[in-house]
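The same chain A turns up in both complexes below, where it pairs with chain B and then with chain C.
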Partner chain A sequence: MTDDYEHYEAVVVGAGPGGAAAAATLANNGVETLVLERGVEAGSKNVSGGLIYAEQSAPYTIDGLFPNFREEATERPADEYYLHNVAGNKVKTVDMTDLHHTDTEWCDSVLRRRMDGWLEDRVHEMTRETGGGLLTEVRVNGLLREGGEIVGVTCDELDPIKADVIVAADGVNSELARDAGLMDWDEPDEWFQGVKAIVDMPEGAIEERFDIREDEGEAHLFSGDLFEGVRGGGLLYTNEDTLSIGTVFHLDSLVAEQAEPHELLDALLTHPLLAQWLGDDYEEIEYGAKLVPDSKKVAHPSPHEGRLMLVGDAAGQMQAQGPIIKGMNHAVTAGALAAEAFAQAQARGDESTAGELYEQKLRTEGVMDKLRPPQYELASVVGENERVTELGERVVNSPLGRAGLKVAEKTGVLERGFNSPFVMSIMPDTKLPYVTIPTALGEALGDRVTDENTIQPPDLADRIGDLTYDVGDPHIELVDNSFAASGDAVSACPVSATDFGGGCYRDEKVKTNGSEEHLVSLDTQPCVECGTCAIVADTDWDHPAGGKGVEFKQG
Partner chain B sequence: MPDIDPTDHEIADLGPKIKDVEDVQELEEMLALEKGGEDRVPVKTLIEDRIEKLSGEEETVDPSEVDLADQTVADIANLVREVDDGDVLRDMLEREKDGKDRKSAKEQIESRIDSVEGSDEDESEDLEYVPPEEKHPDLDHPTADKQWVHAIEDGVYEDMWVYCETQQGDLINVSKEMLGKARGLMDEYNEEYDADEQVIAVLIGDSVEELAEVCIAYGADVVVYLEDDRLSRFRHKSYTEIFCDMARGAGHPYGRADRPEEDWRDYDEPRYTVFPATNNGRDLSALVQGELDSGLASDCSDLFIESAMISNPAKTGRPGEKKEFDRILHMKRPDFSGFEYSTILCIDKPFREFHPQGASVIPGSFDLPDPDPEREGEIVEHEMPLDDEWFRVEVTDFDQLDSGVDLSGNDVVVALGRGIGDDPTEGIELGLDLVDQFEDADLGLSRGVITASYQFAGHVEQYVGMDRQIGESGQVVEPDVYIAAGISGAVQHKVGMDESDTIIAINTDPEADIVDFSDYFIEGDLFDVLPELTESLEKGELDVKALADGGNTTDD
Partner chain C sequence: MHTVVLTKGVPDFREGQVSFDEDGHLERGKTPTVMNPNDKHALRAALQTKVRHGGSVSLMSMGPPGYAEVLQEGMADVYADDLYLLSDREMGAADTWATAMTLATGLENLDEEPDVVFAGFKTADGETGHTGPQTEWCMDWPLVTHVIALDIDEEERTLRAKRLVEGDVKEIETVEAPLPCFVVADPDFEPTYRTAEHRLRYKDLREETQARAEEFGEYLDDETEKEPTDWDHFEMWNHEALNLDPDYIGLDGSPTIVAGVDPIPKAPSEREATMIDPSDEAGMESVFEEVKPYAGGD
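Up next, the complex of A and B:
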């Protein structure tokens, strides 16, 4: 019976940048390739901040694999890059353009629906030539095994499919990586949560308010005291005629502070500093969110198992270099390297060596060193030590520390530090670099912003109301509905909030026989599939079936 | 000058336009224009690709020489279709084996070899019937109870029979859908085969005669019905016996001995039978088709009649031979949850006839036709003795399965939201008390209540379920009066109720969204306001109807 299953040389799961690069490279090598994507169109499930890098040192770049990528699938180049250190109304802006351009061939802002949708067409054409193709609205729900060996994938919508190689490019919360036992979803400190709003800009407003031409763009980053002490920061990128404005926080910190992600985003949106760009009429087109892996902690050193190879977010290959976020480019590189490894192994007549070869390439091509900088492993031992952090905080906040900052600025040490890839790669995951130092910088050196920000971001109910959903069966099951086990999700879920009845997670006090229980209930209809509650609540977490669930139009 | 001047267009618009251009000459001209004009690289690539594609298509590939490694499996499938020479095909097979050795490619070539050469293989003699017990002596009397096989030999089969299921004295929609479809199929059939076969509607039940005209209006030529008090509810034994007795003509070897001739028909069994894939229809279809010893394609979503070229030796009788069977009902049914379809054919084989060709049809698969009251047809009452044995099973009691609550027809809907959270059971009780004050009212809920972890006491639990949800993913209601207590008015709830004539909201929060689209807003705790409302209605102090008609308003 099992021999009747459809067979392809390669099956690629997920059509984000990682899957697209893998499929294109497989097709270029003449490998019969089938790509399975759960969204109604590639990109309809994906959210990113939006800067895609092409690194000079990388063996593969997206425009190398897909000619005309920049002309047809991106928004604007990110020419300039600023970090704003905020303390109340005072802001100290540091120009980080140098760091941004270090090892950068080019860097453009993107919107994922447009970008991934464009890639989908190319990938389909290319893979069809090999006898395969790209199918949307198919959700892979697990690995097909025979005698304990991985031999293919199983899907909600199709019969199992066998393959000589399976490339799992299914993003953060990869069900295949979980099924293979390569990744787990246990520790909040291994992830960031990204939340983003796409804001409509009247014609000509971007050029006028940022003082740039139509073919220019900017990136602005924000840190300091505007996020209730939660570790992380904000971002603003210019698109063709919209802005991407978002926040990225360490998930453990978000949970520890019981912070509401949408309120933190609002804190950024309504800060006086943004008034110059947002004007008086605020029109939000889309609200979205997604978990982001922290490669320093989770990039898998050996991301393969039998015929399965993990690439991109599925393997934790998402690098946060200070405020610079590099996930898409590494997903592209890894996808192409995995494909290259398989093609080589196949040519040598031993496909079983593909995984090893891929791992080796990640190392020799320098990808692994970027994802898990050796210097970080050393520095974190000291940097994340609580006493050191405390000490650091006290020094920075002392008069002496303040004086030091001023000296640092005068002598240029400050800009140099912010523009040093080395310093940025060893930033410890503590409040020190995210909150304490930027706040101190803003206070000691910042200029006061006098603009008034009058905009009113939509409330959560309206944000949910503006999203498009194709309602399916609940895809997340609450295993333990006690508040103690799953209550963190009420605040951490980007579409839920304490005292909001319209979210996924709701906090409820239920009376039973005289005693009162503190519970949470879950309705998955407003879910944006960010993956947060897979980690912070006690759930059985799956993605919705193909084509079901939220559909992002921007991403 | 080409129709499209690329320099007039944005890149994004050009893609689809260029795809539609079929003429290489025109494309060359476009390319020249672009080069002389804006000279955009992507545009040139687009046009060049298209030129390459079109020129490529014209090249003919020689199957005996082409490098198969350059061809996709689909290309190979197309290629072999043109080849009739077995040697060329065998050579291709070898080349594929030496080259990419793709299983699917080899299958394509092999199956072509089979079809070009199959029929030349040794002409076998005429088949001879060997009863199964002789053919398979090693098996333990494989057909010991052969007596129930009631297939006939050299039978005459005509017409399409449609079993028309009724519920509560009416035809259910799928019965009408099937009649409409059968009408279309048989009209085409009669044209194609120059025949005069009919659509026969079958009605069995307690008082079904009155529905015969309806069946005709929906497309039947003849309605055969049988009525009996004992048939008021579906019971499979009696219904199967009756259907089969109707189906078998006079003189049928396994039919009732005294079955009389009938003017309107002159055949042994129906050619086609169609049943609804409802609970009862599935039950009946399986039993009837089994009793008539034919097959059944269950849960079909499409039907069409065509001839079919068959090479299966079980059907043709001779390996390697192809035979065309005509008038075959193609019965399409979804597999893999609708991702793929199989088409089921029910075809006679040597020494065994498979008729009627039977299907059950998923409700909603075909359009509901417009009835034509002018249509004429024949109505035939079927007479036969009904054996008491068939009614041994007595229906002593039955319950109308809860097909959910229909809130749409009420004058008043009282809807409760998460505002009941402090005491959910009492909240529902208060809502029900208010419902009782109206003649024609019912209780609705927001989704927020239904998906909550609230625990309800047993006596109100039955009122809390998806079947009372109002909104985008629930029901849409437009009552005269909609009372929303403790509901915030999320847009997904709003779309289910904002067409109501008068909306009265009760909420502790004057800023709640629902206030924006309510006619009356009562600011207050629903645990106080609902009992007050109920009380004043009871005492006749308040006339909600009058409110709805724009009468006096009460204070808040």
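Up next, the complex of A and C:
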């Protein structure tokens, strides 16, 4: 019967930057390409911190593939880059602009709905000429197999489709990567969770408060003691007329501290340091969240299986090494390389070698070394050792350590260290670099911030209420509803909270026949589809059908 | 496949649009005219035919020249290709019979005979549901009503439709009819596009016809243009163009006599209510007594 199915040479799943780059490159090579996107528009399912890079060393950049990208699809350039080390209301700011500009051709802030929506039109135009095209509101839900071999995709809205190559650019919660058994969603320490607020700014306020021109922008990072000891940090990027303000934390740390993501975001928003930028009137226009793979641990070294190739977040290709946060650029490179590999394999008459060729290109083009720095693998053995961490903590907090920090600052070692890509790439995933050192820096070297921050961020109910949903059928099922198995979701889910009944997850004490059970209940209506609960709770996690679920207007 | 959809301009009965006078009579001058909402189901059925089999969709209506805007709405919303307006003072004040005569003649006057003619189920103003079937009667074609799904076999020149059996929404029958055929689409009609190819073609059509509808909109807004038939995709025919005898159309050709119109009385705005404080036990007891007779589930 499968002979009746439609066939395209290439099917690209997901129309984010990775999918767009793959589709454009396939189309440029004359490959008949169908792109399937589950959002109502590309970008409506996406959230990102908000900076996209074009690296000098990368073989492909997004503006190389899509002319006028910067002029039409991005917000502002990120010219300057600062890290604020916070201890109480003392702040030691380190200029990291040099690190930021290392290997950087350009870097712009973006909002995903606008950016991906712009890409969608171009990709559709390019792929339509090949006999394919781009369709929205189609959810690809799995792989089509024949005799155990992957031959295509299955969808909620369409009959199965066969293809000679399938590029899975379906994001961090890739259903295809899971179906192929290439990725799993088991270990919280392999993931970060990011939450973000888009803040509307009055006309001219960004220029005035950041002291920049209309065509300039800034990036600010925050770490130290303002996040209840959770490993991670905050970010603030200037957009055209909004600010992206967010926090990104190691998921295992978030769970261990039982911290509420929205409260950590509020801790950043209400810190006195932000008063200078936020002013008195705070208008939040969107709250969003996403999971971020930690490429050091999960970037798949061999992200292909038969006709399937994974690109971008789906393959764990998200570089987050301390203050270096690069994802979309790697997705673009990987997407284009996967497409190039298929086109070359097809030209040689042996399409089955496309996956191997893609893997090889990821290595030779230096992508894998950026995602999984060999020096980290070596250094983490020492750096993430408990005794080493303990020792480090003690040294930093000792009078000698404090004196050392001062010397480091005076001699320029501090600034140099922060601006060294090597130092950043060996940063261990412990509290030492994320919390202890920044806090010590703030305390020992910081200036006291005297501004008063008067803003009041909206509560979680309002944040959920402001989002747009086209509620479909429940797409997540709780497999084990005991608190022991799934209770972590109550606090870790960005739209749930302990003592808040209006979110996805609630903890409940149920009395039956004299005994009391501690259970978790789930209502997927306010779900922002980040995937956190897929990892921290025992669930059957699927995306909603095409066009259903949350619709981000900013992203 | 050439399909034609019959449509009518009706008062926009949506809240905020519609206007009634003190006696409850509709104020036509203050109420905008829109495409009859049910006709969109007919257009969707026609569009599905075009997406699956190619060809074109024409939209035809009888009414004053202002109905051109209704046709433009149809083009923008549901992607019609060509628009036909049968418009003439002699056609005015027609009942369903005279309207059906006129429409059937309009259909016969087309250069290419349609394979399927679609009509919507009832207009929002007249609510008769007669015009479609009466038009079909004039043409002597097979008629399939209450259609909720449609499939066409081009080679066999047959149409297979799922239709609701009247009076019972749970009963669905499948019928087959030869082409050409007249189809009345039910409001439950759901077009299905299960292949990427169809969806891509649908997307192409949307772009194509929306651009055309915009062009037509600009043309309608341009008051310097006097001859509406100048535009390639729009034809306006009067009774002479259709070779129709004025005695058989419009008011003169309408056997229906409207003896009078009774406004529907407004629902009473006052109701009796008894307020009971939940802490008042005797009061709550009386609520229970009040409700008890209905608690049997009958």
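Everything below uses one rule, namely that the second predicted complex is superposed on the first by the 555 of 555 C-alpha atoms of A that agree within 3 Å, B and C clash if a C-alpha of one lies under 4 Å from a C-alpha of the other, contacts with A are read in each partner's own complex, and residues count from 1 in each chain.
Please note the rule applied: a residue touches a chain if its C-beta (ideal position, glycine included) is under 8 Å from a C-beta of that chain, and two chains touch if they have at least 3 such contacts.
If you're wondering where the values come from, they're calculated on a predicted model, not measured in any experiment.
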{"item": "Fit or clash - chain C, chain B, common chain A", "value": "clash"}
{"item": "Which superposed partner A:G133 touches (first chain B, second chain C, both, neither)", "value": "second"}
{"item": "Touched partner set for A:D159, first chain B, second chain C, both or neither", "value": "both"}
{"item": "Which of chain B and chain C A:P67 touches, first, second, both or neither", "value": "first"}
{"item": "Touched partner set for A:L34, first chain B, second chain C, both or neither", "value": "second"}
{"item": "Winner by number of chain A residues touched, once chain B and chain C are compared", "value": "B"}
{"item": "Chain B versus chain C as contact partner of A:K410, first or second or both or neither", "value": "neither"}
{"item": "First, second, both or neither for A:V520, with chain B first and chain C second", "value": "first"}
{"item": "Residues of chain A that lie at the interface with chain B and also at the interface with chain C", "value": "128, 157-159"}
{"item": "Touching residues on chain B, where the partner in the complex is chain A", "value": "11-12, 41-42, 45, 72-74, 102-104, 336-337, 339, 417-418, 421, 423, 447-448, 451-455, 473, 488, 490-492, 513"}
{"item": "Residues on chain C engaged by chain A in the complex (per definition of touch)", "value": "194-197, 199-200, 203-204"}
{"item": "Residue ranges of chain A in contact with chain B within the complex", "value": "7, 32, 67-68, 71-72, 128-131, 157-159, 461-462, 464-465, 471, 481, 501-502, 506, 508-512, 519-523, 525"}
{"item": "Complex contacts: residues of chain A adjacent to chain C", "value": "6, 8, 34, 36, 124, 128, 132-133, 135, 138, 157-159, 161"}
